[in-house]
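Each in structure tokens, the structures are laid out below.
Each of the two complexes below includes chain A, the first together with chain B, the second together with chain C.
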Partner chain A sequence: MNVAEKKARVIEPDSLIGKRIPKMDAPEKASGRTRYIHDINLSGQLHGKILRSSRIHALIKSIDVSAARALPGVHVVITAADIPDQRPIGVAKDHFPLKVGRVRSQRDEIAAVAAESEEIAEAALKLIKVEYEDLPVISDPEQAIMPGAALIHPEPHGADGSHLHLKQGMSIAHKGKPDNIAMRFDYVHGDVVQGEAESDVVVEDTFKLHYVTHCCMGVSGMIAEFDASGNLLMYSNTQVPFLHKREFADYLNMDPARIRIIQPPIGGGFGSKLDIYPFEVICLYLARAAKRPVKMLFTREEEFLASPTRQPVLLTLRSGCKKDGTLTFRQVHTLHDNGAYTSWGATTPFVMMQTFSSLYRVPHCDYHTAAVYTNNPYAGSFRGYGNLQATFAIEQHMDMLAEKIGMDPLEFRLKNAQDAGETTGQGMSFKSCGFKDCITTAARRSDYSRKARENAANRGKPGNIKRGIGMASMLHVGGGAKIYPSDGCGTILKMDDFANVTLITGASEIGQGSETVLSQLVCEELGLPISAITVVNNDTAITPWDVGVHASRTTFIAGNSAIGAAKKAKSKILAVAAKKYDVAEDELDLRGGFVIQAASGEVVVELSKLLRNLHFQDKAELVMTTFYYEPPSVHQDKGFKGDVSAAYAWGTQVVEVEVDTDTGQVRMTKVTGAHDVGRVLNRLGIEGQIEGGVVMGQGYALTEDLLIQNGVMKNPNFRDYKLVTAPEIPEMDIAFIESMDGEGPQGAKGVGEAPSICIAAATANAIANATGVRMYELPFTPEKVYRALRGQTPKLYWKPWKAD
Partner chain B sequence: MTELKHYFAPTSLDQAVECLKDGDVTILAGGTDLTPQSQAGRIKIKHTLMNIRHIPQLTGITLEGREIRIGALATITEIMEHPLVREHLPVLVEACDHFASDQIRNAGTIGGNICNASPAGDTLIPLLVLDASVELASMPEAKLYRHSMPLSTFFVGPGKTRKSLCELVTGVRIPLPAPGHVARFFKLGTRPALDISTISIGVAGTLKDGVLSNARVAFGAVAPTPTRAAQTEQALEGQRLDAATIERVAAVARDEVKPIDDVRATAWYRKEMIHNITKRILSHVAQA
Partner chain C sequence: MSLKHDIEFTLNGVKRHVSVDVTMNALAMLRDVIGLTGTKYGCGEGECGACTIQVDGVSLNSCLMFAVDCDGRNVTTIEGLANDSKADALRESFVEHGAVQCGFCTPGMIMQADHLLHKHPHADEACVKRGIEGNLCRCTGYKKIVDAIVAVDGA
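After this line comes the complex of A and B, so read on.
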């Protein structure tokens, strides 16, 4: 035995945090092996299809399904009449999956078929005869809110015209509404009258935000199967398996314990799968009636027609400041086009008011929203959740106010930007805050001030290409959002006798890379390579409870939960090792698959060997832990105040454009971003998430436009709904500000929604910098920009609606 | 959306036109228009679906005398990459470069682009200003009959041409450009790829000593068909391309077109763009 061999092996310190870790599902996805819901087929499965309304707003006089039922290969045809126990669904419980007596929008579900094949189901739909009696279409929210407007959800009347006395507490689907207002939000801090009195400069403008939709690569779908005992198994793309399990149980009038949801790999979520939609409940009805598994998949056209949209908003903002650049007040009125039914879109004021009240220090803020029923598509949750809309207005006003008082817009922003330690008028408390770093970093890296000056000076010079640079910043929840009484997530962690770890988490993977980040956090605690982990995250029968993927919460909440479970496992392992090797527990650590001496890195024992020893003995023990993490945030009070998130994310994006004044075409040439992400966990993952978000923001700003005319969707296809394509994607320079949040997992904060938020606002500022012309309405299509450049755009003005 | 009963894949032109005699035939080449349009229910596949991809007479890009013949089955990619086209017809290469995406260019054919007769068809505008003619084949009696007609008279409406149900487009013929030939194409849309034109413009002519003769101008997406612009051509013919002329011609162009409002743009914007882009193209030609 030579001397070298006698030397104890030393494991050098290493860390997975901040490294570039490829997404764990990437090889499967890149090689086309991932089995999405589209690829799953159950033995004996039928195919479900939905007949949608051919009218926008009408009474259903009769439905004749006899010919469809008689078609060979058809198993079940259902209408509302066949489901007497239908319960209303949606955020305001204002519609039935199968519409009863009345259709209110183009997407409305009238009947459904389950048949041997998709072709037979399609053929059966064509045999269903529906008689309608048309009603006036209300597609303009400004009209819908007027007193005396025809009602979308009228209160039911008896045959003699008298009101039917329905019980209090019944949902809108049953008792209707005396007006078209679906929801109202009213928030205030300070006194805007005083704020205005203290102002040297006041600006007021109306902004108009349009319809866009998620365009997930994987269209919506689900498979439902009831077993012989009446237990329901659903293969579902939901982002919220646990809460939806309970809701589905309500809709089916069954015990939630008998429902199991398996989520196959999801082909994109972005918030679109945060609500329960009629097709899902209808698929369950079909499976229940057919006593066979039923699979329902949307076509791409259906995905456009029957998926939620981003919330369209008409917004009038009044802002003021003093000559020295101190913001004095903001007064905001928004009109949300709710569409025919209420989904999460109506609740975007929760996020919008945060931006108005707290992105910059505003002593006085007054915010009002009315979400108004129309016969248009209904809006849901979409990455950014109202923040793109709010930021669009605020950040244009920041430039406009700065210009009015003759202050550099960068200096103006820095003067009003929040700092760590502040608590805002809305009660949000910024424990870590890299906002000013974001502004200065993005400005420095893009050479913002010099370019802005030069571009402005170049406006009057010859040449049809004008360059512009614009800035916008954002505040978004980065440590979950306590919109429910709990914002928690559970973890189960088990180790096998080869020192492989299985992480069983309540957090769903929807393509955002959560399983990879959670794996990193666990492996970091346990000193294991990333190859030593398996993640189970898609089966409610196995995984612990969680409130769903939303609010950029997964890394923060599920991450802390996973770390908690890993720490418990680690402490158990170290206790066993300490006892076995007679070393103090706090002198040991885990590293590289070994138990080591913490100080020297010297190997004590290989972890797998220790675990095998632990298992193979008469007093065997397993390393299996659970942890539930609940963030230290609070539910907002009735006035929407409270520290709703455990941490807040910040970001600044600078957009550079070239505007062709002959055509109105806007080319986005560069995006410089600086994001306070707390800490970078997976550098590759976060870069991808930021880049993807920027492109989503770019589509919102420039090309994407879901055209709705009189309730009719004019472009439900990728030919005329224009997503950004590869050649248009700008150069990107993304910097990360690591503010090391005290509560965040390894210091990290959520960043999922952040990168899409600022782009449209910054682009508007860039166009103004290039041309001197302000754009108040999205998207900046060539024609819209050209019209504005030629002075052909009438000034938008929406007179704020006052609550009475 | 189909009455399809037969599928037929002829291997000769005779077989194909024989099959067309009964008229109840849908012709498949690249399928890049046929597939989405039939799935969307905009066209109905007829009794027989005839795949013409195995007919050798419809392929190839060749120089025949003073004409370049492009077989109907030539894909957009083949045309873009072909040395004859690149040397003599760069304006066609330019249009192909703005055509949809690589995947569609690899499958879509020029014959299909012509027969689809979209007012916004990308290859149609350069073909019009290059004075192309369409080759047609049919079998009225027992014998193959072939003739050709100028492309400028071929289109009658969106998706409608003068081709009878019994005829097959076999190719397109383009006279070799004369010395001094200049040609330009411009496609305006929302994005650089996978876009349907908001408008497109083709300009060609012979430039000698600063004077443009044999002027040909064509506009896409401003009328029910891709169309030659007679008044604009007249205003341009024999003119020296100075700033005043260019402005005057652009104004004539704006007044000549009668576009409509649709999901892509309003008529007003289209007219503005016809003016601005005509001006831009002519300025480029003048500087050439």
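After this line comes the complex of A and C, so read on.
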């Protein structure tokens, strides 16, 4: 072919990166067509329901299910006695799905029913008779940790009071514990005694963080079905399908290869679906016993009672600095209310200690946590994973120290902020770091310094409305977190004869938009429009392994994996084109659905034509590739040191408030954020993540409060548990700092958790700026603020718990 | 077992005849009896708006309405907005503005917004915020939902 004769078509360069790309699943969702777990029904399906404890802490004396079993329409009724092979579940393996002998919290599962309808199942639950013998309730962690406190998981004794002989290595659920300490964490770098000696000023305060819960709009649910050969099919909203396959197999004593998990679209996750919960295992028991599919859905009340919470924390922080503004040390003791059982909430210290040790340069840091058992609801993982609690304390102390030494709080922060290239005392090494940029950008855009000055000057003036402005910053893993043996993700990519791509990824979509971002990354690599891609991401029988959606890891890890597969496909295609058209491979590129001359943009061949040729004429190749990405991070050592993430995300948020000193009402008027996200991939998606996170943080700071009294949840409904509504949201001004991470996909880092982390801390600083009064306890309800303004709040003091 | 009642009403433009339990709410009838699952259960107590439908042109929480009270009325669900150009514009605006994340609140939001725009074709930001006050969203922080609704010309 004489190319010169034909006027060559030229494809102009274009990029999908940084554009506002609508979510691919949005049209279906906006039409009400998306089928969530609630909307799926299998023929022959039964409905499962769980009987929960009517006591907080009690021995179960007897359970009588005979009347329930006799009710027409009831297929199966089970209690612990019916499942002799139950295995303990949870992070510490400290409870059974159906409780054995004792209940330890309001949510505890005693029996379960599978029936023809939900109504019949509920009627059957009412017929189950349980006799209890009450035990003392421990709902205060400070009380639970005292020597001699009643034990939540006592070691079992024989009838004569003697110790039972238990096998080595048995779980807590079997052998109990001699105290109420569920987990302990002790971290040290440097020497705080020396740090304190070098300090010119020292502050110490106790902070108290409360219970909140995820409130996913779609309640929890699942469907389980065993086929004729005993293979299990689950429709589940888990965020970690591949890990859970293994665990479920263990609970059922079956081969994990025979378990298939399909994940329907999920009505919100935020960390709530990271652990295995009793209802899931119970649903499997019911389906196994009934030999029919069983569907189990929570009511909203049940969702409040029996899904995890954020972990309440009592925290005493001692910090110091020199007169020139150099931070000298931090000493932290925290007491975590673990609730009755151990889920991921107990492990939030992993993240908390990172913030204490490494958000700012701290030469000496000492961190101790005890997570203690109580008869309260048990805490799980929740967006931010302990970082909200840590940041709340640290960033208030940053303001307080600055004030003590008479330094501008902005300057004080910049003086101690980390830079790229640094490795912290905890071994985290910051390859890309836009922290200082975040601070200065957020300050400039909000006019922080001027407003802070004016507000402070205005405190004593007349008028009940006082304005305040406050700042807080955060550090969070942004390139995965090496917690499990692997932190990787697999991709399978195939191209059809029309140059359409199917991306098969292990990474789940939980509403955050990963499907769309991964599509962008692949299409960018292959020079295709976003309409040319189909994503398969919800079936363990098809998709390759992934460790799960958590730790803000999906864009980074699954993104790198998807790019890896796309690069392989691209080089395959270019090699073929190079040979066929006798051009050097490196002079070719893919763009707009064509193979082009890289330098000029001139079309060499239409991609779909090349692929068809390859397939039908050459009979050589279907373009299919696989890739597995494992980030270059390391596991922490026993002292919690090590570079646990491939990249770290930074952010600064400035909150503005109006405090009504007559009523204690705090109105959040504006949030200015600057986030180091590496690079913006999908502007629309990332804005949505940030805005949603900010408002979640607003709820944590001002309105949400899950009230637990003596182990009883007082407000398990949206009337009394106040989520932020549309009229209350602040004005939001969000800026992105693009530090272009060298390892990140197209330079991007994770951002999912970042935006909710700083809000409560910045709000506390804003209230102090407005009124001169410090708030140490969340949430800032009108009542709390009113009292604090009138000096009616006793100073919180929790005597640090000592490690031995 | 329980008492059944026969009702007749117009659902999304089509006449329906259904036999429902007298204690059943309209949400359960739509989802479980009729099989239209676009209307969502979020709380069952009138606090979240996920179950919003329109009855005789007025938006309400279907979880608080008895199914038998649909008798003789004109009921529209998210599925019924399918052939309405104004609703198309609203849906497209939600997609384009990034107002959908997990999407669970979306059908209720759109039903509410559609009603709002009928009442106030040129609703401004404050009016939209008040108008969707009863619809909870845990993902978006509402901003993009408000933007999406304000951008639609309801006239």
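As a working rule, the second predicted complex is superposed on the first by the 797 of 804 C-alpha atoms of A that agree within 3 Å, B and C clash if a C-alpha of one lies under 4 Å from a C-alpha of the other, contacts with A are read in each partner's own complex, and residues count from 1 in each chain.
As a working rule, a residue touches a chain if its C-beta (ideal position, glycine included) is under 8 Å from a C-beta of that chain, and two chains touch if they have at least 3 such contacts.
Worth saying up front: this structure is predicted, and the values here are computed from it rather than measured.
When the shared chain is aligned, no partner comes close enough to touch A:747: not chain B, not chain C. Between chain B and chain C, C touches the greater number of residues of chain A.
By the touch criterion stated above, A:678 is placed in contact with neither chain B nor chain C.
Residue contacts after overlaying the shared chain place A:725 against chain B and chain C alike. With both structures placed on the common chain, the touch criterion links A:216 to chain C but leaves chain B unconnected. After overlaying the two complexes on the shared chain, residue contacts for A:25 are found with chain C alone; chain B is out of touch.
Look at A:695: by the touch rule set out above, it reaches chain C but stays clear of chain B. Of the two partner chains, neither chain B nor chain C is touched by A:377.
Shared contact residues of chain A, touching chain B in one structure and chain C in the other: 717, 719, 724-727. Listed in rising order, the residues of chain A touching chain C in the complex are 20, 22-23, 25-36, 38-39, 214-219, 265-270, 299-300, 510-513, 684-685, 687-688, 691-696, 717-719, 723-727, 729, 732. Within the complex formed with chain A, the residues of chain B that make contact are 36, 40, 101, 188, 190-196, 198, 263-266, 269, 272-273, 276-277, 280.
Remark: chain C residues 31, 37-45, 47-48, 50, 77-79, 82, 91, 94-98, 100-107, 110, 126, 128-130, 132-146 touch chain A in the complex.
Interface residues of chain A, counted against chain B in their complex, comprise 301, 464, 662-663, 665, 702-703, 707, 714-715, 717, 719-720, 722, 724-728, 781-783, 786-787, 790.
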